[in-house]
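Structures follow.
Two complexes are shown next, each including chain A; its partner changes from chain B in the first to chain C in the second.
== the complex of A and B ==
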């Protein structure tokens, strides 16, 4: 007899089961309803376009668990539990059905012998995965995981589910012979229990079936209060992932009462769904340069802090996004390198949230004083260096670089950028690049003093108004000249012009110098001299690599030079460690922790290279600073690829 | 004849540069409106200052001496100048936009119901023959001009450092008029108990007159000690680049540059600093810049008024010795004078 068909103290088991199920469903639905209501309070955002790309993402990243496999052991563990969850839900449906009907099988699903080995083996596999997970949590204790009761409760519940399921099956089968060895684990247990009195077998069967049911219902109730909410939230979150260009931040409507986030409701509903999706796996924290350097930021803690803030019933008033949940210092520590969101298995978008919170801070006047100075310079003179606009083209004076006249047709418009124009180290890049252009006989021009800061530092610091002002001015200027193609050596300018200016009507064809140099090499417009080989390693700039997939072209350029031998450092490409200069960090002065550039420099130096090549003026500045700090400037040169290309060019 | 007044400020028996600048400006204005430049000298036992006031351009000195004027107090100074203005009725009254000037100039203007322009960088006479004050606004990116046609006198505070001045003409003599204000009835609400001179070591970098700053090129703590010794001798504040901060040679609040303090001392000595824009953005405005760096191509040399391509370990001890010698006075021997 099925346990739910029995009577307990005269009450039919079926009724008890229905009562428990209704109770659990009530608690679950009430909580889910509450969580959805919180989402609905967020701002509007449209995430249902490009259904094909979304479906593909769902298949690869949810069903395929792609991003979990960056960590193979724990990824495999998760995949087993995830697959087990999918497969065993067949068993769950059967269990629910039997409980409701007093033991009837689900048509076509229950009691089909060929399903039994599948269910049976997944019970064992999941049990094994849970043991491994517990071992990791309790013994290995990777730094990215926080040892908290939540994770262990979940593991206990899953283990309990599996064990009670197996034991119930064992006792059920002990009384019969009908399934044979279709359920090997169940059959083995059944053989072991064969000696037990038949009446007791039935009692044990009932006991374990009910415990299994209670574990299951308990799981339902606990789920929406725990990190296991990700079972419900993560799959839609991946489906609804951002399909904007990765490097583009959401433009803020300056007409709104706030451009940033001052309270939780200022986030969009999707940003809030992100918070529900977090599994606390800490992969983001593991790759975060700020966290690595001991600065007060962990992307994981940021998300958890915001989630706690959101779901706690405390009435959230003005500025309550912070209220201890996220510190200003944490927000100012971010380099916006994007490593966290590149790694996140459930596609949480950390950087956009940090910028939104910075916008909120900036709007309420909370700024680091040094940042304020750079922003002031941007507003007054159009560059963060506080340099006179009239001196913007002085770097090219000795070489007679031509400014662009209106309507003058040129192959490319070279956008020099503020660092390239004003900073001695940046000027070396712009000089080298313009020399390369001349060698390759590229017809080009620069804007001269008509160029202003692209607005990247302002936007990343959170001064959206100032950014939009700069962007609009530049777009107007550029539209007057109607360049066929804009070339820039700065990944920040590149990302801005390519991905963010279209938000304000500036559609331009933009090319990064790494790409352009690779083209020139392909077209045989540049040739390189032979000579003594030197070892070079390459630093991936975040805004070229992670944000714009520019991993190959700079390496192509380096490999094309016979005198260079490329040695890759640890953490490259998608996983590259930021130089520490992005997101306005060049203009910030965080006191806490180590300097990210010093750490990164040491990693790059491990390749024993004589040259550290990069393709970003900020990377160059930061790493050069680090070379100076480590006192190895005479042994290790930090150079932009343009400088290396020019030095090695045989046409020179 | 139209009188243009300059209220002189002095400390430790010496006129402040701001006062010299105002005299220079007053001379220029008086030339355009055939006026007399008058200095107002407030204090006690300050007769020795009449001569330099004349040298720097005063035709007449109103000497207001009273024990109560020994040190600055808002009430007494306002009252004294108020009484004097009442007596003589000048066309223009210039005060330095220093802490004291900013404090009592507006009070005077209120008391006299006169026109007032603060923090001016220039005074001129326009076509209508009116006085026209120029002040910087919008973070010094724009200028506004102010005229006060219906008011006499016009009061202006002048921004120190905005004008500049010539060397004095020792042959000039000024007529001295004494004035005894009645200050007995004046209620003294504040009293100076003690004056404590700021220690350059703790003085805010922004206020330091001389800054000796070091960077990575200083090389070792031993050489850094030399740099500190030189600073001590010069009464200078010690600053540094970010590299000096990272190497632990200076604390965070001694950092000069884009992410630290922006300074404009009379003298900025950059030792072993390469001159990256992050640093120079903070010291560009210094009046005199000396750079010592052994790398010829270091960008700091281009910015410096005096650039030395030299090893600090040689230059610093020599410099210290030279300053010591200069302090002792000119050498009695036939050797070089103690100039550095």
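== the complex of A and C ==
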């Protein structure tokens, strides 16, 4: 007899089951309803376009679990539990059906001999995966995981589910003298229990079946209160992932009274769904440069802090985004390098949230004085260095580089950027690049004092109003000149012009100098001299690499030079560690912890290269500073690829 | 409590300037004018806003004298939190006439406290605040780097910056004029969005001519000239060195010159600290 068909103290088991199920469903649905109501309080955002791309992402990243396999052991473990969850849901449907009907099989599904071996083997596999997971959490203790009861409760529940399921199966088969060849584990247990009295077998069967049912219902109730909410939230979250250009932040609506996020409802519903999706796996924290350097930021803690803030019932109804949940110091520590988002298995958008929160801080004027001064300089003179606009083209003076005359057609407009124009180290890059252009006989021009900061520091610091003003001015200037292509050596300017100006009607063909140099090499417009070989290590700039997939062109340029031998460091390409200069860090004051550039420099130096090459003026500045700090400036040169190309060019 | 703050708009001091003899003054060579509020005046406004944070009943009125472009600064002040602003459109020929016009308007506000920046970065006369105080016949404290107010007794305690790091603490009864140094506080950042959002509602624009125009200046600019170029310093090598070493120093830029014992302390931390302490005590800085 099926346990739910028995009577307990005169009450039919079926009734008890239905009562328990209704109770569990009530608690679950009430919580889910509450969580959805919180989402609905968020701002509007449209995420249902490009259904084909979304479906593809769903298949690859949810069903295929692609991003989990960066860490193969734990990825495999998760994939087993995930698959087990899918497969065993057949068993669960059967269990629910039997409970409701008093033992009847689900039509078509239940008691089909060819399903049972599958279910049986997954019970064993999942059990094994849970043991491995518990071992990792309790013994290995990787730094990215926080040892908290939540994770262990979940593992205990899953293990309990599997064990009770197996034991119930064993006693059922033992009791029915079923041959059960299709359920090998169940059969083995049944044989072990064969000696037990038949009545006891039935009692044990009933006991384990009911424990299994209670574990299952308990799981349902606990799920939306725990990190296992990701079972419900993560699949839609991956489907609704951002398909925006990776490097582009969403524009803030300046028509609103305030910009940015001051309370939880200022986030969009998708940003809030992100919070539910977090599995607390800590992969983001593991790759975060700020966290590595001991700064007060952990992307994981940020998300968890915001989630706690969101789901805790604030009586006033107004959930401030701060109040202990997120510290200002953590927000100002972010370099916006994007490593966390690249690694997150459920596609949480950390950077967008950090910028939204920074916008809120900037709007209320909560800025370090040095940051405020840089922003004021941007507003006054159009560059964060606070240098006179009339001196913008001075770097090119010795070589008589003319600025652009209006209406004059030009093949390439060289966007120099503030660092390239005003900073001594940046000027070396712009000088080298313009020399390369002349050697390759490219018809190019610069804007001179008509150029202003592209707005990247303002936007990343959260000064959206100032950013939009700069962007609009620059778009107007550029539209007047109508260049065929815009060339820039700064990945931040590149990302801005390419991915963010289209938000304000500025559609331009933008090329980074690494791409441009690679093109020139392909077209045989640059030739390189032979000579003594030196080893070079390349630092991937975040805004060229991770945000714009520019991994190959700079390496192609380096490999084209016979005097250079490329040696890769640890953490390259999409996994590259930021130099510490992005996200406005050059103008921020994040003094806690170590310096990211010192750490990165040490990693790059492990290759024993004489040259560290990069393709970003900020990487160059940061790494050069680190070379100074490590006292190896006479042995290791930090150079932009343009400088190396010019030095090695046989045409000059 | 009513607080009046005088804020002047100046040309961004980071920009290069050239002499315009016709105007008997200087002007920036930049094509697009870059203006900002005078730093010390900004600090005065910040101080006023902070006083209002403690005393919510206080009302902060900003008074600006300057041409139409000064609207930028007016908006800045409102976005930073001033309750209202009076913009006197026009220009005064000298510090005295400016003080007269400002004093006239401020008198109409009958403030309990007048806050000014100690001096502007462009003209740097430092005369406007004292003159206003004289015209209003109220006490004045200049060069203030810390200000405490007792609203109950209407007494201000002000820390003045004197030479060689010395400080003077002054008490005075309100109403009074306090001229602050820009280091008195770190003004909060004002976002561009906040400035653009400011409506004109709280701005009162008054043409200087309607007040009878600026009065007769008491001073006259006779001549404006660039500063005498500072002679480039050439370090003299220590006479005790050999001729060879002295030559190396002259041609090598003088980096390797051994340090003289003058004001340079060496030795274990305890000795160095105690010597610094005795120096500070001797100078009356502690």
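Throughout what follows, the second predicted complex is superposed on the first by the 644 of 652 C-alpha atoms of A that agree within 3 Å, B and C clash if a C-alpha of one lies under 4 Å from a C-alpha of the other, contacts with A are read in each partner's own complex, and residues count from 1 in each chain.
In the analysis below, contacts are C-beta pairs under 8 Å (C-beta built on N, C-alpha and C of every residue); 3 or more make two chains touch, one makes a residue touch a chain.
Just so it is clear, the structure is predicted and the values come from calculations on it, not from any experiment.
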item: Combined model on chain A where chain B meets chain C, clash or fit; value: clash
item: Contacts of A:376 with chain B and chain C, given as first, second, both or neither; value: both
item: Which of chain B and chain C A:188 touches, first, second, both or neither; value: neither
item: Contacts of A:629 with chain B and chain C, given as first, second, both or neither; value: first
item: Contacts of A:134 with chain B and chain C, given as first, second, both or neither; value: neither
item: Which partner, chain B or chain C, touches more chain A residues; value: C
item: Which of chain B and chain C A:595 touches, first, second, both or neither; value: first
item: Chain B versus chain C as contact partner of A:257, first or second or both or neither; value: second
item: Contacts of A:163 with chain B and chain C, given as first, second, both or neither; value: neither
item: Touching partner for A:387 - first (chain B), second (chain C), both, neither; value: both
item: Touched partner set for A:365, first chain B, second chain C, both or neither; value: second
item: Colliding stretch - chain C into chain B, listed as 56-64, 74-82, 182-190 or 254-262; value: 254-262
item: Contacts on chain A seen with chain B and repeated with chain C across the two complexes; value: 376, 380, 386-387
item: Chain A residues within the chain B interface of the complex; value: 370, 373-374, 376, 380, 385-387, 422-425, 586-589, 591, 595, 598, 621, 625, 628-629
item: Residues of chain C touching chain A in the complex; value: 12, 14-16, 29-32, 34-36, 80, 186-197
item: Residues of chain B defined as touching chain A within the complex; value: 139, 141, 216, 242-243, 246-247, 252, 255, 258-260, 262, 275-278, 281, 299
item: Interfacial residue positions of chain A with respect to chain C in the complex; value: 254, 257-259, 362-363, 365-367, 369, 371-372, 375-377, 379-381, 386-391, 449, 463-466, 469
